[in-house]
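Per-chain numbering from 1; labels A, B, C, D, E and F assigned in written order.
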Amino acid sequence: MLDLHLTAFPILLPLIAAPIALILGRSILSWGFATFVSGWAFFVACQLLIATLSDGVLSYAVGGWEPPWGIELRIDAANAFVLLVVSAISTLVLLYSKLSIEKEIHESKHSLYYTAHLLCLAGLSGILVTGDAFNLFVFLEISSLATYTLVSLAPDRRCLTAAFRYLVMGTIGATFILIGVGMLYMKTGTLNMLDLAERIHFYESSRTINTGLAFIMVGVSIKLALFPLHMWLPPAYTHAPSAVSAFLASTATKVAVYVMIRFIFTIFGADHVFNEMGMGTILMVLAIVAIFKGSYMATVQSNIKSVLAHSSVAQIGYMILGISLMNVTGLMAGLIHIFNHALMKGALFMAVGAVFYRMGSVDIKAFRGLGKQMPLTMAAFTIAGLSIIGVPLTVGFISKWYLVMAALEQNHWVIAALVLAGSLLAVVYIGRILEAAYFQEADQSNKDIKEAPLLMLIPMWILVLANIYFGIDTSLTTEAAGSASELLFQNTSDIAVLIESLHGIGVTSTQEVSP
Amino acid sequence: MHIAKWTVLLGVFWILLSGYLEPLLLFFGAVSVLTVMLVLNRMDAVDEDPRGINFNFSFFRYVFWLIGQIVSSSIHVTQLIWRKSGSASPALAKISVDDIPKDHRVLYANSITLTPGTLSVDLDDHHVTVHALQAPSISKLAEGNMEHKVKELTGEHK
Amino acid sequence: MFIIDIISSILLLAGAFFGLSGAIGLFKFPDFFTRVHAASVTDSISALLIVGGLLLQTSFDLNTAKLMFILIFLMITSPTASHALAKSARHSGLLALAESKGKPQGKSTNG
Amino acid sequence: MTGILAATCVAILVVMAMALSRAISAPTVYDRILGVNMFGTKTVLFIAAVGFFMGRPDFLDIAIVYALINFIGMVAVLRFFEYSAPVE
Amino acid sequence: MNFILDYYNYWIVVFLMMSGFYIVISANNLVKKIVGLNIFQTSVFMLYISMGKVSGGSAPIVAEGITQYSNPLPHVLILTAIVVGVATTAVGLSLVVRIKRAYGTVEENEFENKDDAI
Amino acid sequence: MNLWQGIDPSQLITLSIIIPFIGALLVVATGKYPNVRETVTLITAAILFSIVLSITDYLYKGVELSLEVIELFPGLGINFYVESLGVLFALVASFLWIVTSIYAIGYMRGHHEVNQTRFFCCFALAISSVMAICFSADLLTLFIFYEVLTLSTYPLVTHAGNDAAKKGGRIYLGILLGTSVAFLLFAILATYGLTGTLDFRAGGIFDDSHSKVILSVLLVLFCYGIGKAALMPFHRWLPAAMVAPTPVSALLHAVAVVKAGVFSILKIVIYIFGLDQLKELATTDIMLYIGAATILLSSCIAMTKDNLKARLAYSTISQLSYIVVGALLASSIASAGAAMHIATHAVGKITLFFCAGAIMVASHKKNISDMEGLGRQMPITMAAFAIGAISIIGLPPMAGTWSKWYLAMGALEADKLIIVAVLMISSLLNIAYLLPIPIKAFFKGQPQDGKPWSWSEAKEAPLPMLFALSLTSIGCLVLFFYPQPLIELINLIPGVSTNMGEG
């Protein structure tokens, strides 16, 4: 059993490192320091995942205050898994950003960038690790504020309006969550998630709790950019600095997906949220629309980062679809896609960032003929692109397989077909870019473009190779996501048992919740 | 000397407000007083130290007199308010402040403003521009009664 | 001790009365500068009386000191605020009713 | 005695309401500042009065803080108008 | 009628929330959007505080002779939420300053077409 | 002959997949020295063929070869198992890889094609994935390497890198990826959902507990999901891929791509559905008639094509449907015919493509109408073309006769007389669009002075190409006279036999 204080490390390390990175002042120093700290946080995340997989849930009362009064940090397979993803991506993006921000952020703001990045990491880790609903809101805002700052650091002035819109929508989302949590507290008198789970179901069907649920679901949907509340994402990811887009696309929305999973499965109980409240169908429909709208929009953009941003909207649709199917395989598909999508989008955005580093533009015209001039970058883009399409031997295939399998288990034949059709759209928007890179001649101006520097290629290719490795050896992802979804379904069935004992009636014949 | 006086004053003020005497809280008090002093010091470097009004007995007498003025002029203005509208005959005038020492002019202007009915709109080197609700208020002011009282404070009896 | 309550009530009610009349003056008076006078009524006499009334409620303890501080603070800052406001209005060219009606300015003493 | 305090509180509230309505429907911007400033200083009195009415004189601390903030706010607004003074 | 009177605090919350929300959506000026956001957040603070009220409970500051207090927890939570609100407003306003410098205006309809033009 | 006696038999499977892969890497490594690169390709091809031969030897000895590589999903992963149908395809592919490499060396040099390294590398990768398809033990492995084959051949199709290549590549990838993801993957997942397994098992994995309606739908999804079998209307990728140089067409048509398609259909029919299950499905006949229609229609279209490679492309589409029809007749002998047709068609069609390439290199002629009297300049090529044509038509003494014979017998056994008629008609059509070419080449366009033909007039293609196309044309003959080993191999396939009355 590892020392429980370790559970606080994922938050403390980046939080303390953030001001130090600012004080260090010189870009090279704060870069080195930030990368080191992020690497350390990743190492801790690994330890935590191993510990949760072997010993189950880790609980740590912050400041010695026992839950449900004090704030409790609870780490189980689900959040340890996502934490691993977030800290890994953060480290790689930091490694990558040294050169990338040289061309995109003014020298004087470099330390600020690293500080904001570390704060964002601290916030995200906090959201994942905390077991207290209100504390979750606070960390959510910490990470969001850092995100708005990060987005606003880009040279292009459109990042400012994008950041502002992101701030407005993000704050509304977070405030909705605050209202929801408030309503839960109003009825149950507690904020500890587990305590909430038990007390919520003491009431047959309380309007306050259901309203709270509605507010939370909408608030989280804004945060994870589920269609139609995704308006803020495309401009933000398009106009943010490339390193920031890489980091956010792979982590920020994913953590929000985790929050939705946590609320649905651990606190409210999937059966209540999906069947009694009928949110299952709503999420399912929105997810499918998100898949098609996101993919379609991606095919018509000329700015490649905008293509990837819209593609993210679609990929989030896949995750939510997985969750809305309400079976273990579906949830597993959602959780695994969090991991897989982080690998894909991270690599893609890094590749685009490398193109920007050399070409100074991310328009599709800039990609012409890059197949020859930046072979390694474009190879990385191709492989990650294939992974988005879901070609076998890449992680994309694994996610797609589980998702369609989950749909078929619930014999939603139509949905299974729609998911496959959706992934074909990815062929179009990725194909378009590859055609530009490999079949179109570069115009004269960029004949002498060289390959991206090593420091950008290494993190990019680590992600690309991970895209392939975890597409073949799926043991880690399957085990982690598997035990996570088992656990989450265990929470749900505990709640179902609780309901039964409370009301002495048989649990209504819910959708057969196959563990 | 100036710094010591202020430190004591702020310390007392801090304790008055908090009412706690535990060492930890006193320490926090000391820290906040210190910070304020630092800022004050920096500000002092900005403009020279004006000779403060000395809080002697005559000052308190003046204050009580002023309160009396406030009460009477307030009553006067209130009557004006309750009477039919249009009875106010506002007037604007400049009154010389040459005879009042520089550092007491602020007190003089504030006193004018504090007593309802008269309002010091502007204060320059030679005049204070006064706006009054009723024209006679200005002439009353011009008689110099308040001016006299302010000058008494400085101990220079003409 | 009964007497103190009576006095305190009187002061409070008087303070309230002056406050209300000042507020009414705010609406009745024709131009900005006259309204400043109405406002200063509430700032000065009304504040004096109300705080005075409250002072009588305290038994000479910390609260008394706090009330005194509030009173002193208000007495110093409200005239300054009114002055600053009037000055700013004047500087930006807002004509007082007196000037705009071309009335002879009040008798200005010795130059 | 508490009745009188209640009355005073109500009176102050009325004054505040009138000051606010004056601020909203004011012809010149300076009337608005005057209204808002008056609203601010009356709030100080209101908090103090309510404190005594509810038997919690420690509200005075809040009154003090509010008085400080109100004055600083007033000065800040005036400085802003001093430099870029749009006269409506 | 008593439905409104009994829950007057919640009506205030709803009123503030909707007006804040409306301002955020409809305001053209970015600063007004932030003002709207603040009103919206304030409504949530009201919601939390009013839920903490214990009938007959005094303000949750310990004082001798007072036994019954309102629930202090919502107040503490809202202290944090206020800090978060202030931080968000600060970031928002700093963005507005930079938008003003970059676009020369803070009116949303004006800088909408500035970018599409290039 | 079994050169690889020493090592553990099931490792041979790994070798058969890894060797071409290493070959591909070596080709890239030695890209700058063409001669070294070519020898590397040839050696790798030879080694591979020897490995496949030793696998065949083990198969005859009844040694079970299986290999579990890795588990992708709980209970599902990449696993290999050697069975006779797979060996048949592996033999065809590995042998023809050698021949095509020899041919390609001549063609690439003769036609001084650009970025040849990429060609040989992708060729090797394609073969590697073909080997994996041959020996896949379950539908998931088959699907994975089916997709890898599509992707590794995409750069070959878009070899020229110009706009036409891009358009061709777009149709190629669009249809193949589209059908495989939308239909095939969906069918595979549905099968797994229904039966809980994807393993190829003799007699099929479905049983009466599964609803016939769903199975019928699955059959349609599988048939159309395998776009490489070029069933109409999903056949347009094949003519679109004509943009690629001839060796690529040879690879696509004869060696790897289309073969993988029909091979997969046969495997699914035999090992997933099982022939007797097939009989009971409503859609079997529907797909059967679609296959028949494809045979006839594409033969007709082939006649209209003046461009030789286009005609050969449509000829392939129709020939592929022979195999699909053979499989769907749900008779053991028809399946035997289908399996055999894989080999015979491969040999025949590759000869024709080699000739087309030779004609292109030697006389820069693409259109059939310009080929009159070409026999005098290119006697060997034209002779080979004739042999290949006869084999495709299915007349003795060429290999094609056997497969068509068994197919006809199968049709009779399944008493589907209409199919017998279709086979007849299509053979006639084959004659119509293939035989005129060599005939006109030899007997038309005599020189005015009536001088008898002499070797001096010959302007043949480069030697390696000639060697390759004559080798394969001889192959057509050999397979006719000595079909025994092939027939033995086919009879090893469970439920498939070349003699009548086996049901």
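Remarks
Going forward, contacts are C-beta pairs under 8 Å (C-beta built on N, C-alpha and C of every residue); 3 or more make two chains touch, one makes a residue touch a chain.
Please read these numbers as outputs of a predicted model, since none were measured by experiment.
Think of each touching pair as a link: the shortest run of links from subunit A to subunit B has 4 of them.
Chains that touch both subunit B and subunit E: there are none. For the remaining chains after leaving out subunit D, touch-based grouping gives A, E, F | B, C. Of all the chains, the one whose CA centre sits at the greatest distance from that of subunit E is F. The centroid of the Cα atoms in subunit D and the matching centroid in subunit F are 90 Å apart. Chain centres here are Cα averages; for subunit C and subunit F they lie 102 Å apart.
Per-chain CA centroids place subunit A at a distance of 45 Å from subunit F. A straight line joining the Cα centres of subunit A and subunit C is 59 Å long. The multi-chain contact residues of subunit F, meaning those touching 2 or more other chains, do not exist; every residue touches at most one other chain. Chain contacts: subunit C has residues 22, 24, 36, 66, 69, 78 touching two or more partner chains. Shared interface positions of subunit B, defined as residues touching 2 or more other chains, are 17. Viewed as a contact network, the protein chains form an open path, each link joining two chains that touch. Contact annotation for chain pairs lists A-E, A-F, B-C, C-D, D-E, with touch applied as defined. Across the complex, subunit D meets subunit C through its residues 1, 4-5, 7-8, 11-12, 14-15, 18-19, 22, 28, 30-31, 33-35, 37-38, 41-42, 44-45, 48-49, 52, 57, 60-61, 63-64, 67-68, 71, 74-75, 78, 81-82, 85, 87.
Across the interface of their complex, subunit F is touched by residues 386, 389-393, 397-398, 400-402, 404-405, 408-409, 413, 416-417, 420-421, 423-424, 427, 431, 435, 438-439, 472-475, 478, 482 of subunit A. If you check the complex, the residues on subunit E that touch subunit D are 58-59, 61, 63.
Interface residues of subunit F facing subunit A in the complex, by the touch rule stated above, are 70-74, 78, 143-145, 147-148, 151, 158, 161-163, 165-166, 170, 173-174, 177-178, 181-182, 185-186, 189-190, 192-193.
Taken together, the subunit B residues at the contact with subunit C in this complex read 13, 16-17, 19, 67, 70-71, 74, 77-78, 80-82, 85-86, 88-96, 109-111, 113-117, 119-123, 129, 131-133, 135, 138-139, 142.
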